[in-house]
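In what comes next, chain A is part of two complexes: it sits with chain B in the first one and with chain C in the second one.
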Partner chain A sequence: MDFPQFDILAISSALLLVTTFGVVVRRGFLDWLVAYRYQAIALSAVTAIIAYVTGIWEIYIAAALTLAIKAIIIPKVLTFVTQKIKLDVKTEENPYVSIRMSVLISAILVALSYFLVQEITIKSDAVVAAYLPLSISLFLIGLFIMVVRRMALNQVVGLLIIENGLFLFTTALTHGTPLIIEIGIFVDIFVGVIISAILLVRMSHTFDTLDVGKLESLKDG
Partner chain B sequence: METLAALMNAMAIPEAALMISLLLTPIASGILVTILRRKRSIELVTVFAASLVLVQSAALIIDIINEKSVSAFDGNLYADAFSGIILLPIAGVGFVSAIYSVSYMGRQYQDGIVDDKNIVRYYQGFNAFLFTMLLVPLANNIGVMWVAIEATTLVSVLLIMLYVKENAIEAAWKYLMIATVGLAFALFGTVLLYYAATNVGSGEISASPDQSMNWTHILANAKLLDPNIIKLAFIFLLVGYGTKAGLAPMHTWLPDAHSEAPTPVSALLSGVLLNCSLYAIIRFHVITSGAIGSEFSNQLLIILGIVSVGIAAASIYFQKDMKRMLAYSSVEHMGIVSLAIGFGGFYGLYGAILHIINHAIAKPLMFFASGSISQRYSTKAMSEIRGLIKTMPITSVLFVIGGLAIVGMPPFNIFTSEFLILSSGFGNNQFLASAIVILFLVVIFASFMRHLVRMVFGNPKVEMKQDDMAKLAIVPMLLLAAMTIILGIYIPNGLQTLAQDAIKVLK
Partner chain C sequence: MAVEPFFGVASWAMGIFQTVALIAISPLIAGVMGKVKAGSQKRIGSSIFQPYYDLLKLMRKEEVISDQSSWIFRVTPWIVFVATATAALFIPFFVSFTPFAMAGDLLLVIGLLGLARFFTLLAGLDVASAFGGLGSSREMMMSSIIEPAIFITIFAISLTYGGTNVSTIVTSASNAAVSSPGQIIAPSLIFAVISFFIIIMAETGRIPFDNPATHLELTMVHEAMVLEYSGRSLALIEWAQSMKMAILLALLVNIFAPWGIVSAVQLNQPGAAIVISPLILIGKMMLVAILVAHVETRVAKWRLFRVPDLLAMAISSSLIGVVFFYL
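Entry: the complex of A and B
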């Protein structure tokens, strides 16, 4: 492995992490979507790098799909919905864990994923070494956002980050599942986003808020 | 059975064509629904498609019994006896649900709760739901299976969203978020397993990448897989598909989603969809057992099973809402199946297989009856429902039969499978687990009976005439009630053979 190649891997990893933290530190609805778009672009670049390093042409298709669906269509749909929703407050005012604390915890999660990957004996080539811990970081940070944020839209973005983490995990570790399954997964994600967009609109109409903490009509007893 | 088989042979439908047409039937029906759009015709189309699915599934199961396993599309579609076991409830409950839908949704339409547009959406969703569930046991590729199960979530969320009201939106949101995160875990596990299957120690598995995601291929090479990765993968798969199967403590979405869905869909969610996810867990349990021995996954399954039955017991005791009570009872029964698989052995597996089928008969019966009851009383609150025997005599008798079956009273069907499962527990030296579960089952029995007796007897709170409502709703309930009794007394030869073949697959 020559040195410059490794450099690209490191830089792209850093880019992906920075965009992910963009979602963690921002409060506004549209800010998350912008950060998510940048993350998807970075992910697409990372995927293309993996395709280049491994020389498997199918991964280029996955990179193109990522760019088209995750960087263009999904942010467009969610931005449209955000603009359509008539709410006074379109920010995360009062998350369960404060923004500062969230940044700290997310940083710890990143460290944890690098540690975890070292513990598991898995084949190690340049791609795996660079991207596997990164993918687990995305997975954990996405999960963390879903748990500690109150706004429904933020939960959707968290879910999408988890999905991105999974995608990177799959591509880095196994060089992609067969293309047909890859496409199936993309379709599932896309339909899922459309459905959650409809639910977001309905929720804002019916409850006059996107604060999931205020949805508590369904209880036992 | 033999004459039927002979008939099938005479017609000589190749099983590959049968599998494909089985999958295409609900798709074609969904397209027809979209084109026709008239209420009466889309009801007819859907019921016809559901009966076609039933007939084709029966034919396919006969093929499976004769030939042990069938496959199509170069092994991408594959069904063995265990797939057949899951196919039975999908096709059976799909059929009775389609009939009940006509009555239930018709009533909602009359009451002005749903309009023409919603009816079309409902039947589109119903057909799509049927298709995604049929794909689960027929897919050989574990990636396709994941895509199919994720698709079931999306379609059923759409069906719950049919009603634009607070409860439905909240339930749909929770279901979508929790189930999707759960399935993200399952995909993580699937990828790990795929990785293990493509990178074995000796590197001497000759298969194309497409094939190494096939269940049959992974199982054949189970011994070669890296044990550590398999353990990790199984934990992720169990948490992921366990969320979708409603195993506690990942079950929190289930009572909301199952109680807010339109009742025929509740029956499908409880009776069929949970089984589809459990099917995935059991398949991966078989792979894990093949790779590292069964002890690891058995213990995990037993623990999740006990927790599920325990949480269900507590929730049923305090429950006030009729449909939520039934939803928690599904958590209980999924727990029992998980426990049975964990106990293992011939009787454990036999009990698990029978329990899957028995639950899929008794639970839809309960949901259908409760749907008719809540339409009549305009409430789901059990405290408001009194004197059913006077107001709806036929429905209430069927409701009681379902209730007695669901708590495991002899001579009904669930008694047989629960008895098999618990005796296998004691037989396999799992005394503690079996004893705890029996304790929980007693609590569930007592609280279920208390709720049931209060609703059925006594006097209605307001004067009501004796009226069982739609006669069409009675037909599917009668069918199911008859089957709870028949399967409680005797198990038909065909089912016995299928179950024994399935046990061979699972061992």
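Entry: the complex of A and C
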């Protein structure tokens, strides 16, 4: 009988997946942001592990930046906006696909990405083998959330999950892009979140809802 | 994967002793959970031995049986109790194997618990009270969704430890815990333990699924089915319910945190380990029971039609556990 060996790569990716599912299963606006914060902390830990395994010190800076921007600043901005918005219900009431179906579909997406990556025969090391399928599953789950949820805030969180997946993809596959590009991407994300925060506030002022489905119906009246 | 070939008289005595201990101690776990729950809600709560007093009181009470009921109603408490007690025979409690393991595996344990639940369902329908039917239909809905989660979780566990036999699983787990502690935190087991915890809450009717403390028609599931029982029958059903809790907690503790359990080798050379291990195990079960009680305090009872959300979470978690095993 062979036991699965203790490997920090697989366990960290499992923890990152657990935090990602937090966004899928919850309904409340603040719950998503809390789950996103935990996901960012896990992502930062994963990045630090990549840095430790590959021994490239620049990746530690990327991990620290991830922790600072994605785990602290972005959730703070979005939490501030969420508390500022005056809405009666701050939950996802009826998404296009029900919560329980979306949990199951997300699990299937994870399984799919792991099995697909096994089919690709690339010459790879342990980091790529552990984190490439993980990044693809983060990407798919984020895309899925953006497609099936009605609330604009949830779609923003979905976009951020996609971005986390892409960040993990580049870091795992290339062992770190040059630092200047890394910083550029972080600034890009930060500005994107600021703009979407402004959009959320404008949207709730104008339409009294964050439901993107309701935006279309206003064209008739 | 063979269990240790150790079938002496001592082994059988040990097997029976640990089963009896599990059955005897199960009301205590329910009592501790009640006490912790009361404490976390700023109440004093009843003594941790209250379930024993309740059982004694119910044993002495007169039993009232509806004249509209059939033999199913009368026979159900005995079937529920015996099926659950038989399931307890297959659980390695504080020795990492049980001599009865050659007769059945984890699937049989689930099957016996399923048998008990099936007869509870029938008894709920049998007396033709409105509450019984309501409870039975709710229980049927929930159990049909719990079942796939249980089975995929068992797959994830038994793939990792090489067999569905509980003794094999626990022996492998305790060996792994001794030889290399890191192997216990395999990613497939992380997902399996999340799923297993949700299953425990669902199977034993804890708060997000069912509220064991009320008799309110909106919330009760298990209580609605056994509403017509009184006296000795009710005592048997309640004892079986706390036994089920103890069985599932013992499984959780022994599979996912098997430190301090006595292996077959240690049993051959008596020492301090045999005395300490029951205490360690009961302590660990109490810790999990306290955790369950705190979870119960923190969450509200979920609307019945949101309950499948949680079970979908259990299913997908165990599914990912299986996927991680094949990496």
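As a working rule, the second predicted complex is superposed on the first by the 210 of 221 C-alpha atoms of A that agree within 3 Å, B and C clash if a C-alpha of one lies under 4 Å from a C-alpha of the other, contacts with A are read in each partner's own complex, and residues count from 1 in each chain.
The definition used in the following text is that a contact is a pair of C-beta atoms (placed from the backbone, for glycine too) under 8 Å apart; a residue touches a chain by one contact, two chains touch by 3 or more.
Remember, it's a predicted structure, so these values are computed and weren't measured experimentally.
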For the combined arrangement obtained by superposing on chain A, do chain B and chain C clash, or do they fit?
fit
When the two structures are laid over each other on chain A, which of chain B and chain C touches more residues of chain A?
B
In the overlaid three-chain picture, which partner chain does A:163 touch, first (chain B) or second (chain C), both, or neither?
first
Contacts for A:217 in the overlay, against chain B (first) and chain C (second): which applies, first, second, both or neither?
first
Is A:14 in contact with chain B, with chain C, with both, or with neither (first, second, both, neither)?
second
Check whether A:104 is in contact with chain B, with chain C, with both or with neither, and answer first, second, both or neither.
second
Is A:203 in contact with chain B, with chain C, with both, or with neither (first, second, both, neither)?
first
Superposed on chain A, how close does chain B come to chain C by Cα atoms? Whole Å, please.
22
Which of the residues in chain A come into contact with chain C in the complex?
1, 3-6, 10-11, 13-15, 17-18, 21, 25, 99-101, 103-104, 106-108, 110-111, 114-115
Give every residue of chain B touching chain A within the complex, in rising order.
141, 143-144, 146-147, 150-151, 154, 157-158, 161, 164-167, 169-174, 176-177, 180-181, 184, 187-188, 191-192, 194-195, 198-199, 209-210, 213, 228-229, 232, 255-256, 259-260, 315, 318-321, 324
As the complex stands, chain A meets chain B at residues 120-123, 139, 143, 146, 152, 155, 159, 162-163, 166, 169-170, 173-174, 177-178, 180-181, 184-185, 187-188, 191-192, 195-196, 198-199, 202-203, 206-207, 212, 215-218, 220-221
Can you list the residues on chain C that touch chain A in the complex?
1, 160-162, 172, 176, 180, 182-183, 185-188, 190-191, 194, 308-309, 311-313, 315-317, 319-320, 323-327
